[in-house]
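One chain, chain A, links the two complexes that follow: it is found with chain B in the first and with chain C in the second.
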Partner chain A sequence: MNALTQPTGAHALDLSMPLQARALQLRYGKHEVLRDVSLQLPRGQVLGLIGRNGAGKSTLIGCLLGLLQPQSGQAMVMGAPALDMDDARKMRVAYVPQQPQSFAWMKIEQLFAYLGQLYPSWDRSYADTLLKRWELDPGRSIAKLSPGQAQRLALIRALAPRPALLVLDEPASALDPIARRELMRDIIEQAIDNEATVLFSSHIISDLERVASHVALLHRGGIMLNQPLDELKERIVRLLLPAVVAESLPPCLPGELLRRQLNDGTLSLLIDKQNLPGELLLIDGLRVDHMGLEDLFIEIAE
Partner chain B sequence: MTNFKCIDVLIHMDAKALHIAPQAAEPIYRQIAEQLRRMISAGQLPAGTLLPSVREVASAHAINPMTVSRAYSQLETEGLLERLRGKGMAVASRHSGGDSLDQRLLQADPLLQELARHCMQLELPTDRVLSRLRQLLEKEPT
Partner chain C sequence: MNATLQTAPAARPWTTLRTVLASASWTNLLLGLGWLLALALPLLGSGLTKAFPLHLALCACTVLFWAMLGGGRLIGTTLLASRLRLPNIAQQASRQVAVALLLGVMVPTGLMAAVGDTHVALNLLVLLNALLLGLAWVSMPPWIVWVLLPLGYALDWLLDRTDNAWGTISNAPLLSLTATATLLLLAVAVFCWGMRKQPASTQWTTSIAQLLSQDRLSRNDDTSAQALFGEGTPVGHELRRHTDQALSIALGPGFGRPTARSWLRGQLPILGVAILWLLMNKQDVASTALLFIPLLVVVVAFPPMMRLHTLVRRPAQGLHEPALLPGLPRRPAKALANQLGRQMLLRAAPAVLVLAATAALLGAGSNYALVLLWSCTSALLWLHATSLFALQGRLGRALQIALMVVLPVALVATALPRPAPDWLLSAWSIAMLGGALASALALRWLGRRPHPWLQN
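Let's look at the complex of A and B:
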């Protein structure tokens, strides 16, 4: 094997836990972006990160990959501090930022020849397949690509080395529905074939609901709802309680996420069904709504 | 008719035959399990039919493989599917002819109950609901 795949630093290469963060805090001046964020991405997990614009998703991703230094807390990539990654780790991480760095002076084929030299794991035939499928001409100069094409190129650059950890920040914003579906399929195939671990942020929640095994909501500097997506959909419900009952309810129920009084006095409760007191379900006039991820997100973050 | 030697003709179900609604409140594994249950029960998927592999389903619909394998395991536990060595998941043999009429009716019952509840809330006359339902069931043009 290549020397690059051997552990070089003091930290053994831990592929079972590609990404891990403990108590990350980051402020810009007085603005607290990350209050206390802890996350774990074991191998093979596909985590979809959602949150409003400005919630700090890109900042969090920057901290997780060691591109930004938090004021406190620590991020670890494959067992080593993210701020101090060695080449063996960097070679296994692929990251597509919102504004991909361009190599504007090159043609696509020149860039790929260079990357093929750089990455021992660069899969040339896979890169060619993706270029063909996404209709990019290898002879095209990178400076002349449209935003959608530039995004596709950045994605191919990320996928072709078959990374162990794939981090995508809003990867689909400039893609049409068909290209998006293809990208989701490629992400899934990476997860299956290479056991790749994936973190991706997106506002296109239906994409995320397809491919994610887990979701996390970044809201007010903290992580909410971090759990398997299937479990989330089964367990988190919205209860609508008639006004007469609302008054006699204890101030906070086990598993309660959010409580809101509607204009007509009805109480809307977002709650984990698992811990629900049984007598609550017997209330006359109670309504139980199961929710899709988008509704859940809006209910919490609005 | 001459004596035909019985050969195993393997029918492969196409992954695209499943319909996935990622935005639904119902988790994807439940959507898959529910559809397969219905198809097996109605005899659309006879015993021995090979299901698409987890990878095929995940890739065809761009969905997470874990939710697919969860659906399969659940149906395996229920005895509707069985794992054939080297071939993958298949519809279990004891379900050859599909379920009896009563069993299938029982499966539709929760939906029928919900339908009835909705119609009562809307105060719809029974005969109008029934005639519309008959129309739908017999696929008459509306």
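Let's look at the complex of A and C:
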């Protein structure tokens, strides 16, 4: 029986919430990689996942797509468990790994002929356009592509089936600045044209700021922030409090994200402005810094 | 000048030892076994009076394997380090050589001497030869085996036709023969590395050591992959109806349906070896050939297992593909087990036929072909089962490694040129039954997991 025409099973296809994770926990031996990670990615959202190297971004993506089995918690793709995706969902999901090495024994045209048979929505003309734009010869052997070319190819193959959910793990890491801009443009186009949902991980903040509608910060295995980008930049501020005041503060203020004592005794507080206690603003010597995303990332991840 | 640049950091004690041991990985166990045999067999009174005693032969074998893996990795790493222009490479390499000599040659020689083996010089040279043979082997590209085999036979044939050549060689003192071999092996290894002026760019010229260091063995861009998926490889048609075929392509080299030409190319080495054996049809060649025929059959079936192993060890090479591609079989565990079995059979069956016919022409006993069929089927069933178990967990992988050690011994030990005893077939039948049961258990276990392509 044709697997593509089979019924989708017990779980109804929920396109309004392409990706969802509840309390994901995953550890390798004693090393806890994901700690109680919950995430929701509604339709049309472009979520940039940032975090330091080794923060668990690829692991989280692996769990979200059912490539890794968490010890507890569950990831759902379009309403069904990620570990048990059916073809109706797989057809709508595209994934670009960090270092694409699949199908190295094929030529590009062979790969597209193969994938074209598996994805009913494979857009051949779009694939050809992208190949031409990124100067990839269809007759070229995939094994002989440079890392940047291999990443471009992986992106083309992810975009060509016109996916409803596009998951990209550090998609721009091997690309030159021009190709990175083009990629970001294509992601936005894809998201707007098809109402596609996009999750991409990166530590290139400028890329993220260019396209993401929302940002989630993964730090030490947990999601520290998950907010619309504009809101994040608007609302999260850094307060620098003189050392004399620092000692009199309660251990945790409402909306507080991070507290750090600087070398000169000054207290650095990362806080959500909306929850900021009014009396704090009256303190003598207080400094309020509005932060860019990069500063915010460094402040938290350092 | 920066002070940190002026002084090289002092080598930490045990660092070199740890590096050598880490490079040799699981073959350290073999080396330990070699030490144990070097000590225990003479104590048990085994062959101290013989010119080439058993404990020395076995110990040399363990040193050989140890040198092949550890030496290959160390040479590869040293090459990589020199390409990266890291400092102190020569000192580090010489320290590693010293440690390797100590562990692989001096210690076992010392152990043998301690239990009364007085042939210290011979033991030393034989073990040094084993070490050098391992290093020489990994200094050459893998394809050289196909050149060395006929060359060896040609040399044998030539010596046969030269008056008293063998007599002269066999009458030479063992010590000088071994010393000559040492120099020869050293020359081969030095020649291989000395001739290499440019970093190798293709597998054709890449040594095994470099492949080990770059982890390119069994990767999907290697020559075996090219043999299977060469120019104009069909990617199939109507794949939405032929989901098994779609899966086999997603799994890659070793699983994909080869073209007739590439399938024939895969069988050529077996045909070549068979023809060579028949051309060299002599008593000693025939008995050696009969011993190794079952092993050859099993080795031919390796590519799909190796591909699966590579995918599990290096998921980035495409383990996510069968997990995320639509249009693949609904029951992936069963489909994978079937594909693996089918591909192993597809490769082994012609080899069994060719080599059974060769064995008959070489004068094998009446039931050799039956034992061959039974033993190979059992071996393939067990390999099938452990390959599935090895998809997850250390236990499965340990089981697979154990089988890789036990199987060759069992296959060679039971491939008797003379008529085999009746119990042998019964024993292999039980092994076959066990293998079938293990395969069924592996499939059942795999079916319980969400899907077989999990990366953890």
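What we mean here is this: the second predicted complex is superposed on the first by the 294 of 302 C-alpha atoms of A that agree within 3 Å, B and C clash if a C-alpha of one lies under 4 Å from a C-alpha of the other, contacts with A are read in each partner's own complex, and residues count from 1 in each chain.
In this text, a residue touches a chain if its C-beta (ideal position, glycine included) is under 8 Å from a C-beta of that chain, and two chains touch if they have at least 3 such contacts.
Source: prediction; values computed, not measured.
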>> Contact-wise, after the overlay, does A:192 reach chain B, chain C, both or neither (first, second, both, neither)?
In response: first
> Of the partners chain B and chain C, which touch A:234 in the superposed model: first, second, both, neither?
Replying inline: first
> Given the touch rule stated above, what does A:211 touch, chain B (first), chain C (second), both, or neither?
Replying inline: first
>> Contacts for A:66 in the overlay, against chain B (first) and chain C (second): which applies, first, second, both or neither?
In response: second
> Once the shared chain is lined up, is A:26 touching chain B (first), chain C (second), both, or neither of them?
Replying inline: second
> According to the contact criterion defined above, which of chain B and chain C contacts more residues of chain A?
Replying inline: C
>> Looking at A:291, would you say it contacts chain B, chain C, both, or neither? Reply first, second, both or neither.
In response: first
>> Considering only the contact definition stated at the top, list the common interface residues of chain A for chain B and chain C.
In response: none
>> For a test of understanding, state which residues of chain A touch chain B in their complex under the given definition.
In response: 46, 181, 184-185, 187-189, 191-192, 205-206, 209-213, 229-231, 233-234, 289-295
> Which positions of chain A touch chain C when the two form their complex?
Replying inline: 1-4, 6, 26, 28, 62, 65-69, 81, 83-85, 87, 90-91, 93, 95, 97-99, 101-106, 110-111, 113-115, 117-119, 143
>> Which residues of chain B touch chain A once you look at their complex with the stated criterion?
In response: 20, 22-30, 55, 58-59, 61-67, 70
>> For a test of understanding, state which residues of chain C touch chain A in their complex under the given definition.
In response: 219-221, 225-226, 228-229, 233, 235-241, 243, 246, 249, 252-253, 314-321, 323-330, 449-451, 453-456
